[in-house]
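Note that chain A is present in both complexes that follow, paired respectively with chain B and with chain C.
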Partner chain A sequence: MRVEYINPFVEAAFNVLREVLNVEIKRGELYLKSVSQPVLGVTSIVGLAGDVEGRVLFDMAESTALAIASQMNGEKLASFDDLAKATITELANMITAQAITKLHDLGFQFDLTPPAIFTGDNMQVTDTEIEALIVPIEMKFGKIEINVAIREKN
Partner chain B sequence: MKTKMDFPTINQRRPDGMKENGKPYRVLIVDDSMFVTKQIEQYLTSEGFDVAATAVNGQDGLDKYKELYPNVDLVTMDITMPVMDGVTALEKIIEFDKDAKIIMISALGKQDLVKKSLLLGAKNYIVKPLDRKRVLERVLMTLKK
Partner chain C sequence: MSSTLENARELGVDDEGILDAAKQQEKIDFKMVTFSLAGRQYAVNIMKVKEISKANRFTFVPNTLTFVEGVYNLRGEIITIIDLRRMFNLPPVPRANDRLENIIILNIRENVIGVIVDAIENVVGVSSRTIQPRHPLFTDIQMKYISGVVETGGKLYVILDVDRIFGEEEEAAAGALAVGQDPREPGVGTGTKPSASAEGSVRAQRTPEPAAKKAGGAKADDALDFQFVSETLAAFDSFHVDALNEAWVKSRLVDWKKMRNKKGQAVQLKDRQEALDFLDPFFSPHTGELWGAEYKKEFEKALWKGEMLSIKAWNPGTDKGYEAFSICAILKQRYPKARIKVWACDTNLLAISAAPLMVLDRDVVPEYFIKAGYVKGGAKGYQFTPEMRDCVLFEYHDILHGTTLPELDLIVARDVLSFCTSVQKDKLVADFTGMLKPGGILMVGTNERIAFPGLALTHEGNVVAYQKEKD
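After this line comes the complex of A and B, so read on.
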């Protein structure tokens, strides 16, 4: 995966999270993950198309997702309900869209698909033949792992 | 002792969502995210606008626009949505009513997409994340165009 692809995602994640959550955001070390990987509990996914194919996963514990959704709605949400799910998927959509906008300015043509969300324990994500780069982000609500897998089309 | 009348009320000015005849502007919100719809709805109703309907994708937005017409003053239109995207819905609504006032509200800020939307007849373009003040400013600007 080309390195140029990843920085726009890191920057977009920082900008959007800072703006919508208004808390301090810290970035961990980037790392590569292999083909099959367990996820943390709430995973929102945005598909990529255009010059490339791939997807971006936003993975977090349910308690983190609930705290983020509460903050974004300006009220304490009691459970991880439909509104909370819609909030997390929109967060994933906003970060990916801002990254795609930055990539566009760099001359790459990317498009995105509407986000989807999965919840549950013991989930695994399997991508065949795409390696994923993980951007870990820490904040007072917990950890988000942004998992970017992009492959150029032949 | 002061009576109630001595205090100026905050709402002495006409709220921005009201027309001169005292009736509210009617808005259709099109977005696939319940979170965003709720956010825009809160901004608008706090200024006296009437959210006439909400729609969850472009096709739904087009159908609701036709249903409401001519009693609809403004549309907020998301772009990334299932079934029918917002740019296609924009095109189809303008085909139906060339004077439709549509504001695109998208997380995508790509210049070519902004240009395309404006060329197709959108009156304004707002990039998410949303901010109450900016949304209300653009809505008013669009209604006065």
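After this line comes the complex of A and C, so read on.
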């Protein structure tokens, strides 16, 4: 993945999460991955188009997703219902949008698709011919793995 | 005993034969990585060691065996981490939160696991004849886990039988961990090392190095030294010796031996620093800096004659980006009419992130960069012009994951293949060849040579170039 894309995503994730959740956030070591990988339970996906093609996945356990949704709504949500789903989707949208804005300032043209959310056990995600950058983020609610796969249109 | 000697003499076995046998006893043919645990010295066979690492903050996995510390992400591969103290029921030591643990990463059959130990010492070579069988007195660890005991350098090492320890336990642990574990990546760094080294040793025996023309014994010694150096380089610096760089390693070993003997040190490489020292002359000229005028001339000689209209180049393993900018500048000057694009990538995130906006001191910029106006002076030093920067695209990318690029005219992969296993190398060379246009040029490191159908060696020297045959 082009190096200029890395920082905007890391920074945007960090800023947005710290702002909306108001908790301490730690970033793990970044790494690359190319094979199928398990999905933790709740995954929000935002597609990218424009100068590039690709997508961003936000992957977390259901308990983490529920805790985050509760914190963002300011009330304790009992189950992972529509409101919780909408909240996580919005979070994904906010982070991706901020990253895209930063990239736009650097002169890269990106468009994003409306986010979608997947829930369930034992899911895997596979990208063929495109490698993903993994940004692990840890906080007291659990872990979010941001999985960014972007490639240039040749 | 003396009568046996007499007998031997009578039978025509001369003194030299007996002396040789005595020498044989001291021959170093078993290498082990030593470490300490609760004040005792232990060792494991180096052939089982994939690498040595430091890490902390392992991801806890619930409902596993007590000695499973958790899982750890080793460059994208999830490995199980085992606390050897707990496994052997030794008293635990309190763990500081931010302290990095010493980890030996082992290849156990198909699996890779990390083992936490107190301290990793070094690599010791011993003669397998001096290894004593296990002794029932060593009761702090179950007898069946010990493969032997050896004394060297005044210290007694207990050699652990890792296959037996983890072969059984791993199955149990892996079963419990199955939820947290992701599918194994075939071929990427798992279990390929032993095969590479074994291959190296076979070759070493077939073609002993030139300096070893003294006696049969010396020849075998050299072959052994070569084998051990190859194994150590793979363990400490992921440098894999095979047909690609064998010639260099052999000639380097001759120099290295001379140097070490002069200093009165052992030939064996015993830690990472020594492995790095050994490899120091391996790297191609101008590694980690912009290419000088001499090298530029040689590079130009290896390029196409005549004019080009468009050049697409790829520079895997560019590190800090000096290589990519040098290639771009030389191509621009040599082929002024051509549209030039250089893709550069590396797995070192820190190095590659800084590449696009690198700032250079005046005295490290070769004259031809300044004359051609490829750099301009700023407050802090020289920077590449936007025109130059537009030509080079840096990516954080692992070439083992496969690469999608348009058809290329030039690939410059200096000293990249040596840090891959034999299996990965073969695949990469095939990939490189596939990605090149007919007539395209592939360059490898000064001390690397490849052989692949359809690639012909066109330039040798500091620059080593191969050209893909035209259809």
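Keep in mind that, in the parts below, the second predicted complex is superposed on the first by the 154 of 154 C-alpha atoms of A that agree within 3 Å, B and C clash if a C-alpha of one lies under 4 Å from a C-alpha of the other, contacts with A are read in each partner's own complex, and residues count from 1 in each chain.
Here, a contact is a pair of C-beta atoms (placed from the backbone, for glycine too) under 8 Å apart; a residue touches a chain by one contact, two chains touch by 3 or more.
These figures come from a predicted structure and were not determined experimentally.
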Check: Overlaying on chain A: chain B and chain C, fit or clash?
Finding: fit
Notebook entry, point to check: Looking at the overlay, does A:V20 come into contact with chain B only (first), chain C only (second), both, or neither?
Noted result: first
Next item on the list: Using the touch definition from the top, say if A:K33 reaches chain B (first), chain C (second), both or neither.
Entry: second
Next item on the list: Would you sort A:A78 into first (chain B), second (chain C), both or neither based on which partner it touches?
Entry: neither
Item checked: C-alpha centroid angle, chain C to chain B via chain A, nearest 10° -> 160
Note to self: Under the stated touch criterion, which partner chain does A:L112 make contact with: chain B (first), chain C (second), both, or neither?
What the structure shows: first
Item checked: Which of chain B and chain C A:Q98 touches, first, second, both or neither -> first
Next item on the list: Would you sort A:T89 into first (chain B), second (chain C), both or neither based on which partner it touches?
Entry: first
Next item on the list: Please work out how little space separates the C-alpha atoms of chain B and chain C at their nearest point after superposition, in whole Å.
Entry: 23
Checklist line | In the complex, chain B residues that touch chain A | finding: 32-36, 38, 80-82, 106-112, 128-129
Checklist line | Residue ranges of chain A in contact with chain C within the complex | finding: 1-4, 6-7, 28-38, 129-131, 133-134, 136, 151-152, 154
Margin query: So in the complex, the part of chain C that touches chain A is made up of which residues?
Written below: 73, 75-76, 182-183, 185, 347, 349, 352-353, 355-356, 393-398, 401-402, 404-406
Next item on the list: Please give the residue numbers of chain A that touch chain B in the complex, ascending.
Entry: 16, 19-20, 69, 72-73, 82-83, 86-87, 89-90, 93-94, 96-98, 100-101, 104-105, 112-114
